[in-house]
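Note that chain A is present in both complexes that follow, paired respectively with chain B and with chain C.
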Partner chain A sequence: MSFTSTSAPPVERGWYKRNEIAITPWLFLFPAMLFFAVYVIIPIGQSFWISFHQWDGLGEATWVGTDNYERLLTDDRKFTTSFWNNLKWLVLYLLAIPMGLFISLFLNQTVFGIRLYKSLFFFPFVISQVVVGLVFSWFYLPREGLLNAVLALFGAGPVNILGDPTMATYGIIAAGLWPQTAYCMILYLTGLNAVDPEQVEAARLDGARGWKMLWFVILPQLKPATFIAFVVTIIGALRSFDLISVMTNGGPFGSTRVLSFYMFEESLSEFGFRMGYGAAIAVVLFFIMLGFIVYFLWSMYQDEKGGH
Partner chain B sequence: MFPTPIEKRSRAAQISYQAFLPVVLIIWLLPLVAVAVFSMKPDADFTNGNYWGLPSSFELFNNYGKVFFESNMPRYLLNSLLITIPTVIGAVALSCMAGFALGVYRFKGNLLIFFMFIAGNFVPFQILMVPVRDLTIDLNLYDTKTGLVLFHVAFQTGFCTLFMRNFIRALPFPLIEAARVEGISEWRIFLYVVLPLMKPALAALAVLIFTFIWNDYFWAVVLTQGPDAQPVTAGITEFNSQYRAAYHLMSAGSIVAALPPVAMFFLMQKHFIAGLTLGAVK
Partner chain C sequence: MHSILKTSLAALTAAGIATSAHAEAHALSGDLKIISDMSNPAPRAVIEGLVADFGEMHPDLNIELTVVDREAWKTQIRNALGANPPDVVNWYAANRMGPYVEAGLFEDISDMYENGDLPGLESVKGAMTLDGKQWGVPYTYYQWGIYYREDIFNELGLSEPATFEEELANCEKIVASGRACYAIGTKFLWTAGGWFDYLNMRTNGFDFHMQLARGEVEWTDDRVRETFANWRKIIDMGGYIADHQSYSWQEALNFMTDGEAAAYLIGNFAVPPLREAGLTDDQIDFYQFPTIADVPQGEDAPTDTFHIPSGAANKDNARAFLQFVTSAEVQTAINGGDALGQLPVNAESSVDADEFLEQGFEMLSNNAQGGVAQFFDRDFPAEMASVGMEGLQEFMVFPDNLDDILERLEDARQRIYQ
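The block that comes next holds the complex of A and B.
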């Protein structure tokens, strides 16, 4: 594929002309790499550095070695709560994948107006998480909320989901599942569109139907969609911040904090800026994410090797 | 096609499917329907406890009028636009070039740089927060739209480059080779051969980035403070504290804040979905 000049240049050309193929990619890459290095790559390193300091963001930072980490991992109950909540998010958020799959199977028909239905089902994903958070916090309101109005129809008592430390996190995750399910749904709808109809017909002739057909014939063909759904859902789960900030602001009694929220709170809270400690929390979160990132990249790398 | 097309089923199945669809849709969108209903109600309904009955009067125009003329909402909306549009242009421009470099040329480190862009795109925001905030303060850009735009451009470049590079990879390479044989310089090849073929990718990325940036909340809170620079996602919380417990106005405000990306989605649906589902089909 690489370019080799087909004939000797008729006249002596400039240095740039002679090296055009080698230099051009770097010229084209330069602006993007500069921006990305300044705002993404270098800050990751800086956060590691800051995490070994005690720093209020204004004055001099004092080197404290691994003190921040020791405190995090040994006696910080807020950190423990946040960490467990992150795990709950990770596990429960993955429900978006099967839920999205089932909605997409439900909608994968060609009846009149189905396109509009698909768009409207996708709707929650387009709305900002802030608005989703507001909408759900009103939905959950103990007196005015629609949820309790519906529950009352069935004779169930009023529940104050966001006010109850044992339920609040689940209430927020449910709100998060709403747009995420929509996203997974659209991924699967696209995937289902590309399912090989001949294979389906052949399997049908062989007597496969229902669950068996889904499991053995359809799902293997949906593998790329599932992979992407998995990637975006994991990242979404670990990035959860907006919903928590809008719906409960970490409460009640700090029961809904996750690492990303706790980090923000420590670094920029009204109780004073503790940037070093915040950075240490961010580093822990980064390492959790890194495990997934390495796995994602590895999968993509296998693809690259296979593809070209 | 899976599941079995409904046309091949019994008449009864078809009718019940058609009847079932709107019911499921309404349940799915119930929280949103609730907000839409709230935004049409008068204040009195809330003080009288008439939350879910019919509105005692129809106050749609009144409520939305208040949002537009008696609050900071228009300012926040304008800020959002002034942040979102330059970001879209910047990120798409940078990633077009980077994607071209990574998709067309073979050189040492190509894959490494590509993977660096992807990896950076997955990183949790919090690990960037403290240094980026510092950098923005040092550049004297704290609480400005420019500060937000610069960061967004940089961060979105990761995702956009992934997208562009894969798109360019799928273009017919002989076209570029033919242009080279003709002696066309590399940047002209980019401008006149590759760029015109990238129109669908440009459209898809533009709508996606528009939505992502419009909906960003975290960086808006970290890098800006007041109505001078804050976008509508951050502004809505201030709006809500101004109208505390005035659910009709808060609902109207939220709907206004959510509308632009929704409109974008419906106008450019094909491109939007093509962008989101990139890679979902091999």
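The block that comes next holds the complex of A and C.
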């Protein structure tokens, strides 16, 4: 700020006034940038830094170079299990998109009380993930669970889904799909409101119906909704922490761990004193997420370019 | 770190001599900040009562008590000990103190033990000792052992087994009657640690068990395999309830109350829920884990503790509080059946007249010549405990994976104790 006296004739305008157009956007951006830096950028840097150390979170940290990564990527079976579980989550969680689409098509009609039906279908997304996890773990209970009661009706033997290392992850993903399908459904319902009735009419005159109508007329118009559904589902799959924590606590014998849970377990849980190792897992997870984020940003950028 | 310890030790002895000798006689003033993990209903009433009584003795003392959820405290303690720590905190004995002692976050109070400020605590001193110094005081402990359905045993004509053969013979009859011998819930892993502790202490002795805990023995050692071979006998005869990996220890209690399982290797804390579930004292009883090899019996008796963070602001007040909590009368009162319902740590206190407390006290005083261990997750370093308990759970479900499990544990041992 320069000192312009009020009595002097305003020959020279203030520094701010002269640069107003250039400065103002940055002023508005400044708080957001500050918080983004303090809470996101700097911690990412710190995680990278910690991942090169051996540190119990209490005493002194010792520099170990890339030891943590070498161990992680060469002979850590927990890491391998977690990584594959993450992939299972990513692939199977995408089922929420077609399921959500199907339900939204089914509910997109005007009959009496449709609002009530819609809200009932949306309900699982409103309740907390912890509650979803609890409900499903009761559902899966080996003896008293509803699932086994139903199976018994068909004469099928009792299964202990969450106690079986080969099935537990799928059991948790199924629980996660329940709220995620509801989320995709609501996205598609809003998308369907924006479908152009004239195009549908025109397609009908041309004889399109059923699957053809859906595939060539409706779905292309739902592309923005599909994109958002894809983004939120991928993000949802990567933050599957709470369901795992509630339903199996990573077990049985660590077979349901994913990277985020493993990271928590190594560094922050009751017996976790390996901050450096946890940070290394966090860095790996960060790069996996970065891949998706770059893809999302890139496709949004392409869209913007096409739009103008 | 060494120098920090030395200087703090010197400062402490100076302060300790000046104040703590007759701390109880003088009225204290100033502040006392306590963070406690005694959040369950009965322990909460105890800590609140302790604070009220201590406040009455020292009217000028301003006591601030924060009670934190017991499970949450296990992770929160790190942050609490860092900046602006309280004056007194709760924690656990033995190796569970390790990370905080090494980081210099707990105050060394060896001088209190030396100069007679803590009369009657000589026998429990060992559990509070790391690196030859004492880092806190215990306030309660409890026995582990086999709690069983007396009525089922009577029905099948069984008696309390003293040896492992008798145990297995009993178990065969129980399984034949359509029940499981033992209830257990391993969802949160640590209950499996109890079984390993006992089988290993009985097969190879207390000293071997402690060597293993200190990382001096390989997990692939034949003696360790022998322990697992004994364990496998029970697993193979169907001794444990099915699907135990899906239950918590509380959920598994139902099997015992429903009469589907005849016994449960657990700590004395299981008695109140069993009584609440409607079992009378005629239906439940207790026996010491039977002997296997001819070795002195070691027992698990986990101890809960109070500590002074090294960064505490009111250490003199904190020391007086520790003295108060461990004094004979207070110990008798807070461990009574109407309070914690556990065993007092002070040798001059009296044990409440309760079937299980009396048996447990008798067992620990006269029948644990091998030594008293804390528990798998307190004797083994944190990381070893977490890897270990996961392996134990896997063994209980898939005993055939033993070789793989032991190799994994050995790998972890070599990394952790280096």
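Please note the rule applied: the second predicted complex is superposed on the first by the 277 of 308 C-alpha atoms of A that agree within 3 Å, B and C clash if a C-alpha of one lies under 4 Å from a C-alpha of the other, contacts with A are read in each partner's own complex, and residues count from 1 in each chain.
FYI, a residue touches a chain if its C-beta (ideal position, glycine included) is under 8 Å from a C-beta of that chain, and two chains touch if they have at least 3 such contacts.
Quick caveat, the model's predicted, so the values are computed rather than measured.
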Which superposed partner A:G254 touches (first chain B, second chain C, both, neither): second
Partner chain(s) touched by A:S269 [first = chain B, second = chain C, both, neither]: second
Partner touching more residues of chain A, whether chain B or chain C: B
Touching partner for A:L162 - first (chain B), second (chain C), both, neither: second
First (chain B), second (chain C), both or neither touched by A:R77: second
Touching partner for A:D56 - first (chain B), second (chain C), both, neither: second
Touched partner set for A:P142, first chain B, second chain C, both or neither: second
Contacts on chain A seen with chain B and repeated with chain C across the two complexes: 57, 143, 268
Chain A residues touching chain C - in the complex, by the definition given at the top: 56-60, 77, 141-143, 160, 162-163, 248-249, 251-254, 265, 268-274
In the complex, chain C residues that touch chain A: 1, 74-75, 78, 81, 99-100, 102-105, 187-189, 242-243, 245-246, 377, 382-383, 385-386, 390-391, 393-394, 397, 408
Contact set on chain B toward chain A in their complex: 1-3, 5-7, 14, 17-18, 21, 24-25, 28-32, 34-35, 38, 46, 49, 51-52, 94-95, 97-98, 100-102, 104-107, 110-111, 113, 115-120, 122-132, 134-135, 150-151, 153-155, 157-158, 161, 173, 177, 180-181, 185-187, 190, 211, 214-215, 217-218, 221-222, 233, 236-237, 240, 247, 250-251, 254, 257-258, 261-262, 264-266, 269, 273, 276-277, 279-282
Residues of chain A defined as touching chain B within the complex: 1-3, 6, 20-22, 24-26, 28-29, 31-33, 35-36, 38-44, 46-47, 50, 57, 105-106, 108-112, 117, 119-124, 126-131, 134-136, 138-139, 143-144, 146, 149, 178, 183, 186-188, 190-195, 197, 200, 213-214, 217-218, 224-225, 227-228, 231, 235, 238-239, 241-242, 245-246, 259-260, 263-264, 267-268, 275, 278-279, 281-283, 285-286, 289, 292-293, 296-297, 300-301, 304
